Amino acid sequence: MTPEEGDAILRDYFAPWIQDLGLRVEEVGERHAVVRLPWSDALARQGGGLCGQAMMAAADTATVIAISSARGGFVPMTTVQQSTTFQRPVAGKDVLVHVRITKLGRTLAFSDVTLTPDGAADPAAHASTVYAILT
Amino acid sequence: MTPEEGDAILRDYFAPWIQDLGLRVEEVGERHAVVRLPWSDALARQGGGLCGQAMMAAADTATVIAISSARGGFVPMTTVQQSTTFQRPVAGKDVLVHVRITKLGRTLAFSDVTLTPDGAADPAAHASTVYAILT
Amino acid sequence: MTPEEGDAILRDYFAPWIQDLGLRVEEVGERHAVVRLPWSDALARQGGGLCGQAMMAAADTATVIAISSARGGFVPMTTVQQSTTFQRPVAGKDVLVHVRITKLGRTLAFSDVTLTPDGAADPAAHASTVYAILT
Amino acid sequence: MTPEEGDAILRDYFAPWIQDLGLRVEEVGERHAVVRLPWSDALARQGGGLCGQAMMAAADTATVIAISSARGGFVPMTTVQQSTTFQRPVAGKDVLVHVRITKLGRTLAFSDVTLTPDGAADPAAHASTVYAILT
């Protein structure tokens, strides 16, 4: 799979409200993906920080890209569980969403997701997700 | 606090992208809140089901309303952790987000959130959240 | 299923180290179970409080009892995910572990677990679990 | 801090039931720790696999060692939240518990924990934890 095929999955399978995040696939591989969440004032809550909801949504969405890449293309799947911690505020920066697939089973997949502001060393948030693969 | 004051918090403190969810406060109390996530095609992913990202975002947002109600008005706070399970698909229905505050400490608050399609008996999703209260 | 059959499952399927917790099944039903975690000094950490690890272990174990009861007897299953929040300390009291099965699917089951000191109104801890049912 | 000082923390602050796990500190550093969970038949459930409860307990316990190491010695702390996924069975092998502290704040610390059977490449389980530091 190429990043362009990843972007096509974002366009074809996700809700319009998720499209509004403007996510862009930067990198895909056998067991990982990197997706960019561009900074936008529309995602800033009162006070100017990036809303945590956008980070949870980006983590979930980027996992679909990573599992698709690991499977060689989109397959129907559904999120079973997502746990997210919020560790540092983000303001005025894109966030890079790094997904590693730690287990790709026949019916369940597990991922580890780190969300880091572009150029920063430390994560803003971390997520673990479990997906059911439906085919 | 009244539901109208809850709606004012939604307007004043949340990101424009969260406002797009069209959440409405139905009920607030000493230790709980009920918030409606109206059905919208903009929240439907390919296939017609409500996207899980909208449910995670609604759970997080509704918890802010419930903690504000428990505190008698909005206080600065930040999500520390959210765990969400996705149990049943939703299509074509509003979702009612029931939040119970199970612990309201001086610096940390805990909630239990059930998301149920309007008129249904069984939950579509469940979330547990931890918040840091900043004042 | 009866509480006695639940106790037999505890004896037959769990590790000796889990048996050391002395869990007792108090109640089982179509979609729920109540299990008692008896106070023991062996479970107290320095300072005298019940260790959180015992509460996580009790929540997991009690979910197996509840799913077994919902299925009419023990079935092979494995924990996929457990999220636990720790809300209040416990000292010198048994803890009652209330499990509700919120979804019993063909391959996945979801539970909601509240751990409350005997006689208390407020929870010490809360857990959400996801199980894969292997038959 | 040295591994020996880590082992002393295990002896001095944890419940006897946790001591029964036989955990040993292998490595400590500024932002990480490695703790060994030795294989024991007492931790095997029916069928011979390592019980998940032992892995949750080891992840929690090892995080205390890592935070202590990051702070230069034991400080009073309490687990706020732990999320654990179980990805692969373990049988007959020690498990190495790798903890990275991803944020060490004044009042909250966050860790990322990977549990891998000794000699294996892929994780058996993964945990994320949030701790409140009480001093």
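As written, the chains take the letters A, B, C and D, and residue 1 is the first residue of each chain.
In the analysis below, a contact is a pair of C-beta atoms (placed from the backbone, for glycine too) under 8 Å apart; a residue touches a chain by one contact, two chains touch by 3 or more.
Bear in mind the structure is a predicted one, so any value in this text is a computation, not a measurement.
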Most distant chain from chain B by Cα centroid: D
Select, from C-D and A-C, the pair of chains that is joined by more C-beta pairs in contact. C-D
Euclidean distance of C-alpha centroids - chain C vs chain D, Å: 21
How far is the middle of chain A from the middle of chain C, if each middle is the mean of its Cα atoms, in Å? 33
Residues touching two or more other chains, restricted to chain A: which are they? 80-81, 83, 85, 130
Footprint of chain C on chain D - complex, ascending: 12-18, 20-21, 40-46, 51-54, 56-57, 60-61, 78-86, 89
Under the touch definition given earlier, write down the residues of chain A that touch chain D in their complex. 81, 83, 85, 87-88, 102-103, 110, 112, 122-123, 126, 128, 130
Inside the complex, what are the residues of chain B that reach chain D? 80-81, 83, 107-108, 130, 132
